[in-house]
Amino acid sequence: MPAHRSGAASLILFVASLAVLDAEGGREGADIGSFGDALWWALTTVTTVGYGDRFPVTGTGRAVAAGLMLSGIALIGVVTATFASWLIEKVQEVEDAAQTATRRDIEALAEEVAQLRRTLEASQVRD
Amino acid sequence: MPAHRSGAASLILFVASLAVLDAEGGREGADIGSFGDALWWALTTVTTVGYGDRFPVTGTGRAVAAGLMLSGIALIGVVTATFASWLIEKVQEVEDAAQTATRRDIEALAEEVAQLRRTLEASQVRD
Amino acid sequence: MPAHRSGAASLILFVASLAVLDAEGGREGADIGSFGDALWWALTTVTTVGYGDRFPVTGTGRAVAAGLMLSGIALIGVVTATFASWLIEKVQEVEDAAQTATRRDIEALAEEVAQLRRTLEASQVRD
Amino acid sequence: MPAHRSGAASLILFVASLAVLDAEGGREGADIGSFGDALWWALTTVTTVGYGDRFPVTGTGRAVAAGLMLSGIALIGVVTATFASWLIEKVQEVEDAAQTATRRDIEALAEEVAQLRRTLEASQVRD
């Protein structure tokens, strides 16, 4: 994954961890009590692993979780599309090479016809 | 994701939450007791996160869950295919541009041949 | 998903449920005690949801689980590739139409050149 | 999946299992106490199933888990892209056949023009 995407993913994890810690920290029944716990929970959520050792119990915490879960689905999509894009670019190179060869053939043929016309015109002048 | 797909996904979540709440609410051993809990459970299920803090215990609830899980797999497929489609469309634009250039070359060649014929016919008239 | 793939997926779920029930049923600490529980567990595993309300504790049960988990990864791949394939086929139709148009142009041009030669040959006969 | 990728995936699982066992084994509150447990946990993590029956509680163990979770996302991407690549290669074969046919048409046209020139040159010699 390019550096700027890793950076964006890290930023989402960081912000979500802070937000869930703010919403859940110290609440009764909550088990996300430190930034380390919050980051660990965010990582298990965004990768859709979801051990369930920690999870939010407040409305705000669940809303943050919803954002992370959807980001996780998007993450899978982006990673897979990046692989696929790399494959498609290789296919495209082959196709582009074939297209370029075809266009070179057509250009050579156009030059052939142009010369033919010049020959014919020279012949008419001589007539 | 386009608006109508987000709407469809929201509708599936809403209907599944109501259905699971109807099946599970108040049953012994069940931990899905409110619409908020049901919606939270539906979201953890459709994104395949599956914390396991809440899960259905009745046959009907499990059937609703099965539908949500399969919707989740489809969701990942659709999101990934949407990214891939966007990439493929960019590739197609490049290919289409190459095709258009090739056809323009062929049209230029056809014009060249047409002129050749006019030259030749002029030559025959003079004969 | 085509019917034969749904059938194959159902068969894998059915066989895995029977195998895990045989391995786990009645063991101490095991919580997969009926076919319904086994099928429910198999579904949460193959879709990678993994609530953790039920999980195998024996070596054989874990081996069955490993097979189901890898089938789940394959399932996501097949569903996504099916969507992508449908998109790629639409792209292919556009590309094929462009290719066909190009070939028609080239055939028309070849006919034009052939007529030109016949005209020239007729002209030489008259000379 | 090709053999060398299965081998790489097995190696990652093996190394991660050893690393998490070293970090977690014997710690208070840890439930990963044998290599079998560690391997089982690694498998539930890399496939993003995440039952939560076992999970790391130390910083080092969580860091190993983070690596496995990201490997899991990459695994889904690679498996899906492998299916997609297989589909794309079939599309490419059709496109390549069309390209080859187009180039054959152009070669036939070039031969036609070459013959036209020979006819014309023969006509000029006779003049």
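As written, the chains take the letters A, B, C and D, and residue 1 is the first residue of each chain.
One rule holds in what follows: contacts are C-beta pairs under 8 Å (C-beta built on N, C-alpha and C of every residue); 3 or more make two chains touch, one makes a residue touch a chain.
Just so it is clear, the model here is predicted, and its values are computed rather than measured.
Between the two copies, chain A and chain B, the Cα superposition rotates by 90°, quoted to the nearest 5.
Taking the mean of C-alpha positions as each chain's centre, the chain lying farthest from the centre of chain D is B. By residue number, more than half of the contact pairs of A-B reappear in one of the listed pairs C-D, A-C or B-D, namely C-D.
Homomeric contact chain C/chain D: same residue numbering on both sides for under half of the interface positions. Between the Cα centres of chain B and chain C there is a gap of 15 Å.
The residues of chain B that reach two or more other chains are 48-52, 76, 80, 84, 88, 95, 99, 102, 106, 109, 113, 116, 120, 123, 127, listed in rising order. Those residues of chain D that touch chain C in the complex are listed here as 36, 40, 43-44, 47-53, 75-76, 79-80, 82-84, 87-88, 91, 94-95, 98-99, 101-102, 105-106, 108-109, 112-113, 115-116, 119-120, 122-123, 126-127.
For chain B in complex with chain D, the residues that touch the partner chain are 48-52, 80, 84. On chain A, the positions that touch chain B within their shared complex are 45, 48-52, 55, 59, 62, 65-66, 69-70, 72-74, 76-78, 80-81, 84-85, 88-89, 92, 95-96, 99, 102-103, 106-107, 109-110, 113-114, 116-117, 120-121, 123-124, 127.
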